[in-house]
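Some structures are shown below for you to check.
Look at the two complexes coming up: subunit A is in both, with subunit B in one and subunit C in the other.
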Partner chain A sequence: MKRFSWDEMMNRYPAFFAIILLVVALTINFILQPNMFARDTLNSNMRVFLPIILLSVGQAIVILGGGIDISVGGIVSIVNTILATQVGLNGSPEKMWTFVFVSIGAGILAGAINGFFIAFLRLQPIITTYATSFLYVGFALFILPNPGGGIPAEIANVYRNTTPLGLPLAFYVIGVVLLVWMYIRSTRYGNYLYAVGGNAEAAYETAVPVTWVLFSTYVASGFMSALAGIAITMLSGSGNAEIGVPMTLTSITAVVIGGTALSGGVGGVAGPVVGAITLGIIQNIISFSRIDTWWETFVKASIIVVALAAPGIINLLRRKKV
Partner chain B sequence: MRKFSISPPVAAILLAIVLFLLSGFLPNGYGSDINVAIAQATNIVRLAVFLGVIAAGQTLVIISGFEGIDLSAGSVVTLTAILTYVTVKGEDDKVLLALLISLVVGALIGFVNGLGITFLKISPFVMTLGMSGVVTGLIIIINHGNVSGKVAPIMTRLIARPLSPDIPIPNAIIIWIIFGFLMWLLLERSTFGKHLFAIGVNRVTAKLSGVNVTATNLAVYTLAGALAGFGGFLVVGNTGVVFIALGQPFLFPSIAAVAVGGTLLSGGKGSYWGTMAGAIVLTLITSLLTTMQMPDSVRRMVLGATLLVMISIYGRQRGFRQ
Partner chain C sequence: MQRKPLFTLLAFIMVLSMVLAACGTPATPTTAVQPTQPPQTGQQPTQPPVESKGPPFTIGISNPFISSEYRTQMIAELIEVNKEYMAKGLTTELVIESADTDVAGQIQQLQNLMAKGVDAILVNPSDVNGLNATLQEAVNKGIIVISVDQELNVPGVYNVGIDQKEWAKTSAKWLAEKLGGKGNIVLIEGFPGHPANVARMEGVDEVLAQYPDIKVLAKDTGKWDEATGQQVMSNFLAAYPNLDGYWTQDGMAIGALQAVIAANPAKFPALVGEGRCQFLKLWEQVLKDRPDFETIAVANPPGVSPTGLRIAVNMLLGKQVDKSKLGGANGLSFVIPVPIIITKDNLQQGLDICKDKPDAYLLDGIMTDQEVLDAFFLK
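Now for the complex of A and B:
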């Protein structure tokens, strides 16, 4: 039998550390909140986590391709304001469906704008999507200058309270996303994506359509941001043009905790999903541990820094022993 | 035949001059009064000083390459501004002590960033993002809702006022010019500067030619932290008040100023003159949009669009075919 090798596990499964972290976080959370696996508690947690999970999946695809997307929160805001103003608190389900599709279209368009500038004009991703994030949040504020509007409570409740076979709706959504990802990963496009993220120059030399692959990652991110926007609108039931802004940096943290390197070409989408759930659980633990409110931000941020540092610390300690 | 090209700092300054001249035609612009025009121009440059100083550290970490960026700059500014505020308590003879504290605290935070980035191999983006959260947590703990303090008269005199009643040049601008000269010495005339550009271009070749990559990298982040700390000291000297969100609005503009000034976000190439020009352009655009009394939504969209146009003109990376 082969001996267990930490290095091999870390190399072969970038999400390995994320899963350990999730198990630790879940255990602590379970001690603090013994009913956390009861159907309603689980559902009320998962429906809060889902928007960030969806956002992290889109972010992960961009990062795998070697880029970064600072505008995802802006796209969430656009979708939220479209739904809150166009469907309205008394809108019909048909109207909701119509504007769900409009929202998805808007997300894809916003992603295509990012992709155009980055892939075709060869601009630097971080500054480009920073610029477009101003465009998108500005546009959301243009649609809805002050918080207000919303979607009907019955429609919001479909998202909040649907638990097929006693499992949260979020589980099914995550399941579908992961299945689609596994399929994409197995196609030629999947290989192209990793090739571009790993070494774009080399990928170009071997006739990979680098420009189109890069472009597609931002479109995918726009699409996932739209889904996240729809989810968070159904969760909150109301409109606010600033709703997506704090979600951007969280999505990037989730991707990195999930073992997908910011340098591109390493990792996957399952890790970031685990990372996003872990971040949510950490927030839960902090709310339940009754630490002084003044200390909450500090404790949470410190836990995240330690989580980010842990793989590096383990590597350093191991290297010393050898 | 030589290809027509224009250096980014020059382009940024030209853009600023054109925009400023055009702004005279606005309904509440300076009109035909040359004195008002000069006063307005001086005031915009004075406001740009703070962004410019905060962006100095950002310039260094970005030149150092390897995805270098400092997302903790905004929260360091807030922290040192608060520390200055509570240390000085309106007394002139405590000002030097407050300046020292600002620099040391900034440097310490930068040093921790550097440790994480060099030894634990955490990507600069997430390391400094995580650090930003920790520092924000510290601010909340120190602040505890409110702080009592006061800036000293001498700070207001040296930062916010003009040189003398006869010479209407604000002291802040003079500080900035001296600061700019020191930055030029550091980047262009010192061994550290040479090593900085060397590791920004290629870490492997830098190492082979005898540059201590780890030490240089650690020094860059420490210095960037100290410079952000200095920025906080200046900002509170100008505003005279502190609040939790004081520094955060400087963060992304500091990155944008570096990019607009022609420093490559991928590292290895850039100048502080460019960043100074970028800071002036960004401050000018922001204040123009404010004087035009545009709604927040339009202001953000115009800012985003301008940024996109500027980086499209000269921020393009090399294509694959070349």
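Now for the complex of A and C:
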């Protein structure tokens, strides 16, 4: 039998550490909150985590391709305001379906705008998407200047309270996302993506359509942001043009905690999913450990910093030993 | 397929959580802090029944925004007032969920409060509608839910706060009268679209409608931020050097007055202030050079939250609310009177209050237990 090798695990499976982290976090959470795996509790947690999970998956694809997308929150806001103003609190399910598709279209379009600037005009991803983030939030404010509007409570309840076979709806959504990703990963496109993220020049020389692959990552991110926007609208049931803004940095944090390198070409989609759940669980741990209010923000940030630094620290210690 | 183990692991975790979900359910009753005697019915295992419990009660606080003096003072006062009830054995330590967070984060805060089995929740909402479904769930669980500082329209959710519109009307009226019903003014508002700001600006518009000779030259947002208020006011002073007056509110009035002091025009515009110690001190300072300077400061008290805590405790004790005393969209709002208005007549009183307080202190007022009972409960 082959001996377990930490280095090998870390190198081959960037999400390996993320999963360890998640298990540790889950265990602590479970000790502090023994009913956390009860159906209602699990579901209420997962329905809050799902928007960030979806957003992180989109973010991860962009980061894999060597870019970054600061505008994801803006896209979430656009989708939220479209749904809240067009469907309305008394809208019909048909109307909801129509505007779900409109929203997805809007998300893809917004992603395509980012992609056009970055892949075809070769602009810096971080500056471009920072700029377009204001464009998108501004547009959302134009659609819905004052918080309000919403979707019918019955439709929101489908998202909030559906637990097929006693499992939260979010698990099924995550399952589908991972299956689709597994498929994409096995295609030629999947290889292109890693090649472009790893070394775009080398990829170009080996006839990889670098421009189109880059473009596609932002479109994919726009698409996932739209899904996240739909999810958060169904969670809150209401519209607010600012709703997506704080989600952007959380999505990037989730990707990094999930073991995806910001340099691109390394990582996957399972890691960010795990990372996003871990971030949510950390919030729960803070909440249930009854930390003094004034320390809450500090403690949470410390845990996240340690979580981000831990793989590096472990590697550093191991190198010293040799 | 080199990445397979990763998914296997993930799948394993999902299955694990599934199994735990199955075992977790019946184990719940053991989590209750006090061992409850009645045999478990096994029907609704997630939450212990709230109604049948006697004191001590547990009260949860949900606050999504910490970077303001208002919120800091609010949390500190809640802890203080709760100690009073803890000493009488009526409540336990508050369960406080307070951190900068978004709508989803506040939903998580509220869910965690529910999972902790609190008897009442005081929530300072981050969004007018975004929490509705979650708060409804809490109400359905028999938890008393009180929205403080901001009025929500959710059936079963009570509101405790000042009347924001009346609050703004007080200072707007003062300004209009000070101007003799005539002149050119500018307005600096808070966050456009924020419910409190909307209500306040409605109040200002209503007052100004009665004074047709007062002309509003311009309106801009100071985002409830001192520095922004100062900047906006500087721009206004540059654009309209002969400005007769301006109306502004919380958080921006200090900045605006500082802009006026810096510009030092021959004649100060008539201006309104805010109920904060730093403003009163600035007022006192201006008086040294201009003895006829006067303004108004209407308190926006963080004390409405501890007052809300008193209401919650009395409701938990089974005292009946006098519904005829409540107002608001669905008749569930406890309207708290503004505790103090500072004008030139009682400036000294305000300064005395501020003597041992930090500059950021907001003039405040917390109703006593007896006052709450007299004002809102059946005898």
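Simple rule for what comes next: the second predicted complex is superposed on the first by the 322 of 322 C-alpha atoms of A that agree within 3 Å, B and C clash if a C-alpha of one lies under 4 Å from a C-alpha of the other, contacts with A are read in each partner's own complex, and residues count from 1 in each chain.
Just so we're on the same page, a contact is a pair of C-beta atoms (placed from the backbone, for glycine too) under 8 Å apart; a residue touches a chain by one contact, two chains touch by 3 or more.
Note that the structure is a prediction, hence the values are computed from the model and not measured.
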item	value
Residue contacts with subunit A in the superposition, subunit B compared against subunit C	C
First, second, both or neither for A:297, with subunit B first and subunit C second	both
First, second, both or neither for A:253, with subunit B first and subunit C second	first
First (subunit B), second (subunit C), both or neither touched by A:195	neither
Touching partner for A:313 - first (subunit B), second (subunit C), both, neither	first
First (subunit B), second (subunit C), both or neither touched by A:153	second
Partner chain(s) touched by A:48 [first = subunit B, second = subunit C, both, neither]	second
Which of subunit B and subunit C A:137 touches, first, second, both or neither	first
Subunit B versus subunit C as contact partner of A:145, first or second or both or neither	both
Intersection of subunit A interface sets (partners subunit B, subunit C)	145, 296-297, 300
Footprint of subunit A on subunit C - complex, ascending	1-3, 5-7, 9-10, 13-14, 17-18, 20-25, 27-28, 30-31, 45-46, 66, 75, 95-105, 107-109, 111-112, 115-116, 127-133, 192-195, 198
Subunit A residues touching subunit B - in the complex, by the definition given at the top	68, 117, 121-124, 126-128, 130-142, 145, 200-201, 204, 210-211, 241, 249, 252-253, 256, 261-263, 294-302, 304-305, 308-309, 311-313, 315-316
Residues of subunit A that touch subunit C when the two form their complex	12-13, 15-16, 19, 22-23, 26, 30, 33-42, 44-45, 48, 51-52, 145-150, 153, 156-157, 160, 166-167, 171, 175, 178, 182, 185-186, 232, 235-240, 243, 245-247, 268, 270, 273-274, 280, 283-284, 286-288, 290, 293, 296-297, 300
Subunit A partner contacts - residues on subunit B that touch it in the complex	67, 69, 116, 119-123, 125-127, 129-134, 136-138, 140-141, 144, 252, 255-256, 259, 264-266, 295-305, 307-308, 311-312, 315-320
